[in-house]
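Just so it is clear, A, B, C, D, E and F label the chains in written order, and each chain counts residues from 1 on its own.
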Amino acid sequence: MQHVILEQALTYTGHELRSHWIYSKFQIQGDACVAFAGPCEVHLEEMVDLADVHAESPIYSEQMLSLIIEHFQADLRSMVLRQRLLTAQAKDLLNAAGASVRRQGDDLYDGENKLSVSIATVSPVSGLIHFGINIRSENTPVPTRGLADYGIAWQGFARDLVQGYVAEERSMQEALVKVRWVN
Amino acid sequence: MQHVILEQALTYTGHELRSHWIYSKFQIQGDACVAFAGPCEVHLEEMVDLADVHAESPIYSEQMLSLIIEHFQADLRSMVLRQRLLTAQAKDLLNAAGASVRRQGDDLYDGENKLSVSIATVSPVSGLIHFGINIRSENTPVPTRGLADYGIAWQGFARDLVQGYVAEERSMQEALVKVRWVN
Amino acid sequence: MQHVILEQALTYTGHELRSHWIYSKFQIQGDACVAFAGPCEVHLEEMVDLADVHAESPIYSEQMLSLIIEHFQADLRSMVLRQRLLTAQAKDLLNAAGASVRRQGDDLYDGENKLSVSIATVSPVSGLIHFGINIRSENTPVPTRGLADYGIAWQGFARDLVQGYVAEERSMQEALVKVRWVN
Amino acid sequence: MQHVILEQALTYTGHELRSHWIYSKFQIQGDACVAFAGPCEVHLEEMVDLADVHAESPIYSEQMLSLIIEHFQADLRSMVLRQRLLTAQAKDLLNAAGASVRRQGDDLYDGENKLSVSIATVSPVSGLIHFGINIRSENTPVPTRGLADYGIAWQGFARDLVQGYVAEERSMQEALVKVRWVN
Amino acid sequence: MQHVILEQALTYTGHELRSHWIYSKFQIQGDACVAFAGPCEVHLEEMVDLADVHAESPIYSEQMLSLIIEHFQADLRSMVLRQRLLTAQAKDLLNAAGASVRRQGDDLYDGENKLSVSIATVSPVSGLIHFGINIRSENTPVPTRGLADYGIAWQGFARDLVQGYVAEERSMQEALVKVRWVN
Amino acid sequence: MQHVILEQALTYTGHELRSHWIYSKFQIQGDACVAFAGPCEVHLEEMVDLADVHAESPIYSEQMLSLIIEHFQADLRSMVLRQRLLTAQAKDLLNAAGASVRRQGDDLYDGENKLSVSIATVSPVSGLIHFGINIRSENTPVPTRGLADYGIAWQGFARDLVQGYVAEERSMQEALVKVRWVN
């Protein structure tokens, strides 16, 4: 799968989580992962997590690192599994950089402070993930921490996370073709 | 899904990695996870990882903690993803107990020493995982470490790992039913 | 799967047959069955059965018992099969209460009189069934019979039908995990 | 789908429940249903229902009407659903002929007496059902009733059941292609 | 599958490539292939091929022979494969009529001149193909050739192509049910 | 997907058409196509086409070019479609080299003479194709033609056919990721 880390800022509004957004915007064809930094402001009508919609908890961050991932012809279960694995990788990167963060499902916490938002869903042609981790933690609707609070530059973190995800996919692809079936 | 941790020792020979082994042996119906400790000795003809078969590297451990996991009507990709997530959970448990272990795909290493063996495969009715982690590290064909080297009792480790896996499955099940699809 | 029988009246307009309607309205997560009584008035633009759309036969009932059923990640074939089984269960309940009703596909008839309307379809994340059975039979566009014509109270009928459906699902779940595959 | 009712007697041993048995024996290609009468004697090693294997309850009948059904590229869930629907159809035929039989999952009972055995399973290329209903009830391992006890000739019963199953499949096929999807 | 060749002219606008268009317009239920001749004018907002959307290359032909094909419950991969096979059949028909045309993926060329446009996609309930071949080649946005340039009448070509496609489907259906699985 | 053309002769016995044969023999991991020349002798018990088994028509050729193709996690329908497309490609290559051959399903004929044998099937982890085309046509059980009869060297033909198949797969992969879904 291809990947790209955008240098220019981009706001995440929720509208980006749809099939072929990556292709239409960046001309990257096929399974792909795009990372970018910018404000995050998702209104209720763009929210995909119906538990959040019900709780009327919109998502807001002054500066967030977002990953948009698309796998074509992928079912929801595989996307939820990939999302969990990605969250575990993000946690390991944070803790390797000195943080003390725990993963709870698809969320990252430092004590009571939330670091991330994430959703996995499907379109009729693909599976999609949005994974967002705060860069700055000011003015968020709930207590949060961000990469800046740990002195972590988002560019290097994004590069490590994206490359780790892509490498994991590649090695899983190999695992799919080297096992005999059992009775 | 149901789970059980066996108190009596059981040898893992590779033959256990087949559909309905859990049901036939323990009368546990449906998706399940069984953990047990005992010697591990898998001969080439029982091996499922064809890369190992080609390398003629049989698996041997004097005492290993084994998990056998079965999910019915599951495809190979979802099993490979679950296997990676389980391995990440095992790493976190080890490191929380003072070890300094890294995950590389579905393997756990401490420096050059290998701690685990694992395979994910399918039968015509289910997906299956074997995850084995050395308890003792003597007389293994490659340099290894085991739970005993870190002073970790296998019973508590097994309980934490199995419960963590089952809880992850349960929370993923919820994630499958609360997201709206996107365009 | 969870189930609920609403005490308050609710009009069925066809709009209710969509993914996550149950979750959004009743906070019931996952596979579920909801039963309610009320008028039924489905306009052509909300109709899912294109044969009815073509025949321009809108659906109308002064009072109907409706079941909305949602199974996540279910394909259309399994929903059509479930719909037939549900219709067979409804027939048995009616006849056990003294009626003399026959099933014809997914319809129930007493002589020339139609008792039920039903449709099975899919959204991109789930399979859905609407099964409606007249409570009262006045002023319907075709000759009908309703539960009241047989002296059957809808509440008890709804409870028996919903519980029967849920029990059937549970026992089928067991059937999925206890058979070995064949050559 | 094609169907045939054999005039000559055939013993059911369990070995018949495998992919392409119908094609190999009768040159009938594709989805098909074959009915025949004869002794039924299934030894433990041929049994597909692992609950029966565990209970060590072999299946025996001096004369049984058997249906073997094969649907290619069908998953286990659809086969279990079809099996239930077929059992409901058999019940209706019996009761229309004067019996008073109830369906419990995929079994038929008259009071405490069992009338039928049935299993749904899969091969790597197809889904398969065996549905057997006693013709005679003597010398069975558990108390049973058979078609002869109700004065029902197996030939007519077989014809009605097979034709009913085939008609149901045909009408469900139509239901798969006439519904629009919903949001 | 059913098929029909329309005698009256019909303009292809892209809007026709949607689920149940064939059923709604012609009352043909199930998998089907419809052929018709008429102008072709697809605006960017109706285009399904996002590469064309990006290149801003709308599709236009004064007179084109169009096939619309729908297979229910078909995935995108099978539709892309069917599209290639259909294109190969069209090429063979053209060359048998004296042309010298080559297939390049899902396109037909005569030297630098393009003869066809085609797309395979999915709706949430079906797979769909549009295959269009120019009848006349005047005033097209790129250099083209059409059936008229080879002296081929569209009616006979349509009949041969549609019948060839339907026959291929029928013979593939047989291939699906006569092979044993392998280890 | 990877591909290889063997220089040394290899007999095709039917035994080669099984999952991971390519990996076990050539250490090529993943979707792959292997071509080789040598005698072809498939006994009835190794035959996969049950129509041939029933007709008791074993396959024999003194020298045949064989392609073995494996796609992991592929269903039977996609393999049958790929097989047809491959056969169409082989026909075009033959005719471009001066032959006058027609495709009939998955068979190639020159008048009454058969040039090829082919089968598509599945294992529990993959889809598989064997496509064999005679090099020499002496002593075959039915009238045949072979590459040598047309003065075509098998090495160049194998290279063109294999490269054409691989290129087609690559371009179809692109088609899977660039179309928006339709309503």
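Quick notes on this structure:
The definition used in the following text is that a contact is a pair of C-beta atoms (placed from the backbone, for glycine too) under 8 Å apart; a residue touches a chain by one contact, two chains touch by 3 or more.
All figures in this text were calculated on a predicted structure; none of them were measured in a lab.
Chains that count as touching both chain A and chain D, per the definition above, are B, C, E, F. When the partners of chain A are compared with those of chain F, the chains appearing in both lists are B, E. Among the remaining chains, D is positioned farthest from chain A, on the basis of C-alpha centroids. For the pairs E-F and B-C, the larger set of C-beta contacts lies at E-F.
Equivalent interface to A-C within the set A-E, C-D or A-F: A-E (over half of contact pairs identical by residue number).
Fitting chain A to chain E on C-alpha positions gives a rotation angle of 120 degrees, to the nearest 5. Each chain gets a centre from the mean of its Cα atoms; for chain A and chain B, those two points are 27 Å apart.
Here the CA centre of chain D is 43 Å from the CA centre of chain E. Chain E has its Cα centroid 39 Å from the Cα centroid of chain C.
Residues of chain F found to touch two or more other chains are 19-20, 23, 50, 73, 76-77, 122-125, 176, 178-181.
Arrangement of the chains shown, judged by which pairs touch: an irregular graph that fits none of the line, ring, star or complete shapes. Under the contact rule defined at the top, the touching pairs of chains are A-B, A-C, A-E, A-F, B-C, B-D, B-F, C-D, C-E, D-E, D-F, E-F.
Residue ranges of chain B in contact with chain A, taken from their complex: 17-19, 48-51, 76-78, 80-85, 88, 92, 105-106, 119-124, 128, 168, 171-172, 175-176, 178-183. Across the complex, chain C meets chain A through its residues 20, 23-24, 27, 73, 124-125. Interface residues of chain B facing chain C in the complex, by the touch rule stated above, are 19-20, 23, 29-31, 72-73, 123-125, 173-174, 176-181. Partner chain C is touched in their complex by these residues of chain A: 50, 53-54, 75-77, 122-124.
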